[in-house]
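Chain nomenclature is as follows: A, B, C and D, assigned in order of appearance, with residue numbering initiated at 1 for each chain independently.
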């Protein structure tokens, strides 16, 4: 697992949900990853091809069987283990796997926060492994790339936070916006709710429907605010409203931000606009998965679904003095499994885009 | 056309779009309206049943033919004429019809503003009949019911404005929120774009897609701000972001509002909450088409599509001190044709809900 | 409950599924039905408005509470009881209700067949009340209207059978098609699967998906074949393939039929075409809910969803000698609850279309 | 362009429709294809990234500009030219390109038939280049692989024909089904209609709708019947009914076939079933893009969309004596652009799956 090694042996724990399925897809076709184990209690004994017919074309999918999750076995087989498990459960696996020398990329919320108290406030149970919080790295490669390279435990960000943090962090760090009054209004496809047999997510309950939920204190606020506070050097409180819309995949976020300076004249607007452009360009000119839209283009989830890209566009409104920033991503790719593989690439010294284009 | 008359003769000009089609449906089944004329250049000569097969069960739909629009003929046939035409065109019909003694309910933007200058700023052409602006009544029955009863010219509100004004006006009038910093984030079904053969609204361009548009200065801002300013007694500037989502019908609006008072303690929150409840109850307890949600319920477009109802729910966020108000409506009914018929009921002295339940 | 009575007291047992919800909607607004009881174990104690917010505008919805189902109470309250229950369960309620003098309109499959053996073959359990099969009437008003008027127990047809039988029965009775080789290929919206928390019917599993199921022996074949055999005077065996498509509502059926006569010349085609037209016109000219399409029009579910109408069109193919007949209906209305109310209208001597236009 | 060459220079004429866009995607990421030109009158001068933002991550997409189509220039630049043009237009380009030594893979219908008369019967105009029909090869790699390898002009099959021919041809060649009475009932996503600004394909006209069209003589019948006739050694006439369903992509075809032998006993059914299994296994065991489903699995478009795979399952119905075969494919991939690239791989001596997994 250093830059010179040609490939890496990987395993996925909890591979039967939507994020797990996408990890399987990405890792099967990744030119330098060898998928050696996939676990799922409910699918144990079946091949990947049986559980996910769409992958049946791949030889590994036809031979590799789901197994019951067992950390000792996993630690022998794999160098990197992806955890695609519910929060609270992921920690159980992370502890022994890390002890055995595996690197762990966790897609749950368990290691995203530095504070066990905040975790308890938002997730309503004690943190299962507070001793690991200090060593975990928040897996947003465009922001914490260097730390991810050396991390033993990566906490891959939530889907909403990714769509909010990438557009906001550079502006906050550059002092172009105020750390107060941030509003994030987000729209998510139904896959974000997971593959769970609940009435609320039936086709007929979601189709021809749009609805807010989790107002006003969604769990993802905890990691959004922690990351923004780190960047601002001060405590940031955010207003966040998620909505469910009838698409399979995609998150569209509209951010309402307050520029640090008053926009009194058209010249003020032009000056700030140039600074925002420069700020984003500097932050993301080398980021292969951030697409800064130009001209009249605005983000559209259909332009990012199926890719690991986040699209960002912004407008200054001289009437209100506010900055509107909009982003679009695939909630299962850049918002989950794609980003986790991006972290794996960094850990392994592979090109950041390996297996993700 | 007084309270004692049993029924009213009505006509629809421009009945081939989505709003026009819905007007046809509502007026065909309205127990006290007699649909005597429908016009459409492209459908002239065909019966309603031929153009809209779904109405073929109704005898009038099988006999009444679309005609070329002619104001002299319309004025002889109908007491009330609905205009479902593009802005700029509606005025051409309104002038002679009003002169002939018809009452006119216009669904376009032509008569919604009091200022011809603001009209020109937002619609990019001179107002076609500025002399009529003084007499037109903004057709929001829950707010301007008395004026609508006596109006000769009703300007039926836009779909977005309805979803924004009904939740906001009572709070503003009661002084519970500040007139500054209002943000409206709205999601609309594709029927809002009309029945126009444009690539952007093809199934494959809208399905599995969500996108903002018209940022930051959508035309509907003009009427939103005028109505809010009237209520606030001061000039109100609004931040408004519309988004297109893949449903046929429905608008979901999320409003970010600043309470007039600082929320320092839980008691402050409780007190303000009680005042908001009371304010809405007073404003809408007699309003048959406003549904104030209680308990944990949040608006969902699927609960209002096909009805003339707007759902409203709100949450105070003690973390941010902000008030979040959410509304849902059917953009073609409460946001257009249903509301226009509601105005007709008021004009004719019919029960407000006649033909709309 | 005779033609002179002004209204009828009705109850719905099992009102929490999609068909039950639609029955509630239809009966709340039916001008001559008084909804006196709705039962649902899971919703007992809640008002209709609480369970189905979209009906909250109706006063009865705000006052009438769901109760636990109890046949003695129901029999005291209602003259007609609708059963919207799973097959096998409906019979438990039908027996005591009929004994108490209620009329029963059952939407399940329990009383659609005359033979308890065929029932067992297709439903895999013994018939729960074989003694009632002789008195039940198959509730297809366009075909069995006279029997329905006097029925004490109506077995309302399945959604697929309705879409297949209405286009086929007149042709078979007239001898215009052969009773052999009938193929019905049907596409159904997801509401046909009911409001059940199953992975297969989640939004993400149905959206952007189309799939056949129940091939080649779907349960609805039993009633389709029984009704066709009655009409043909001979045993009819049908090929039937249902498919699930991503719409909330609607069934589109394409039928492949063999004309009784060989089509050797264009004149043969013209002659048979005229006979088919005449046959359908005779069968359905007085049927308010059958729309025979003319000219180039073909059925489209969007033209019937929300109505009790079935659309029918046909084409003779001179290349193959076959007759293609296509139908479209709303699976929850004409395919379930609308048709059940249509039967109620016949039983009560109301106009057939009462409350259904 | 022989097995030893490492890569091939390719161009796409008419790259702005859905098939053209998908060709761009496939060829951009194809490891052995170099995309050297894309043409489109309406997009000339813009880069691929500007026209299709989703490809902007790829460097070629940011540099390669659409040009006006010019065959002389194309012939200098490219070894293989893909034509993604309307029928009737493709021939204009094919003639000079072939003369200049290019190989041409045409996605239109222009070269799929051997008979200019049949072409005229189905496409309603004279064939634009009848002299080329003899040399064109029908580009179904699983069937005509050998001929495709040496072809100068490949006529890539239609989307419906691919979904019908792959399941039917092996059975017909093996004599397991009769060449008479074949029925194909197909359901297609809306992308099949192309990126055309027509009312019929607007979101609101397709969403919550399903409808047949082109009954009973769709143009694709001509190539279906020609290919089946070749396999049967006799003239085959097919009944084909296409339907439009609200998905972006995917075709599901259900075939009703008559086994050659009467199925009198369960043993007959078992014997024929074994022969069908063996027939399909022999035909497609080496075909990387045909997935023969086993056990209870039935085709589902969501398992093939985004891939070049066609799924096939079948059922013998002992009640009717009929064989039901079902297939699913992505209409834009296996039904168009994916299959065209598969042909390119054969022509170039690349592995058949290169760039398609």
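One rule holds in what follows: contacts are C-beta pairs under 8 Å (C-beta built on N, C-alpha and C of every residue); 3 or more make two chains touch, one makes a residue touch a chain.
Bear in mind that the values here come from a model prediction, so they are computed numbers and not experimental data.
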{"item": "Same or different residue numbers at the chain B/chain C copy interface, by half rule", "value": "same"}
{"item": "A-D compared against A-B, more contacting pairs", "value": "A-B"}
{"item": "Chain A-chain B separation of Cα centroids, rounded to whole Å", "value": "39"}
{"item": "Interchain centroid distance [CA atoms averaged], chain A/chain D, Å", "value": "37"}
{"item": "Residues within chain C bordering two or more other chains", "value": "205, 207-208, 246-248, 300, 302"}
{"item": "Chain contact topology (line, ring, star, complete or other)", "value": "complete"}
{"item": "Touch list for chain A against partner chain D, complex", "value": "29, 53-54, 56-58, 208, 288-289, 291, 293, 297, 300, 302-304, 306-307, 309, 311, 353, 357"}
{"item": "Chain D contact footprint on chain C (complex, rising order)", "value": "183, 185, 187, 205, 207-213, 215-217, 237-239, 241, 243, 245-250, 252, 254, 256, 298-302, 305, 315, 317, 319-320, 322, 324, 326, 328"}
{"item": "Footprint of chain D on chain B - complex, ascending", "value": "18, 190-191, 195-199, 201-208, 246-248"}
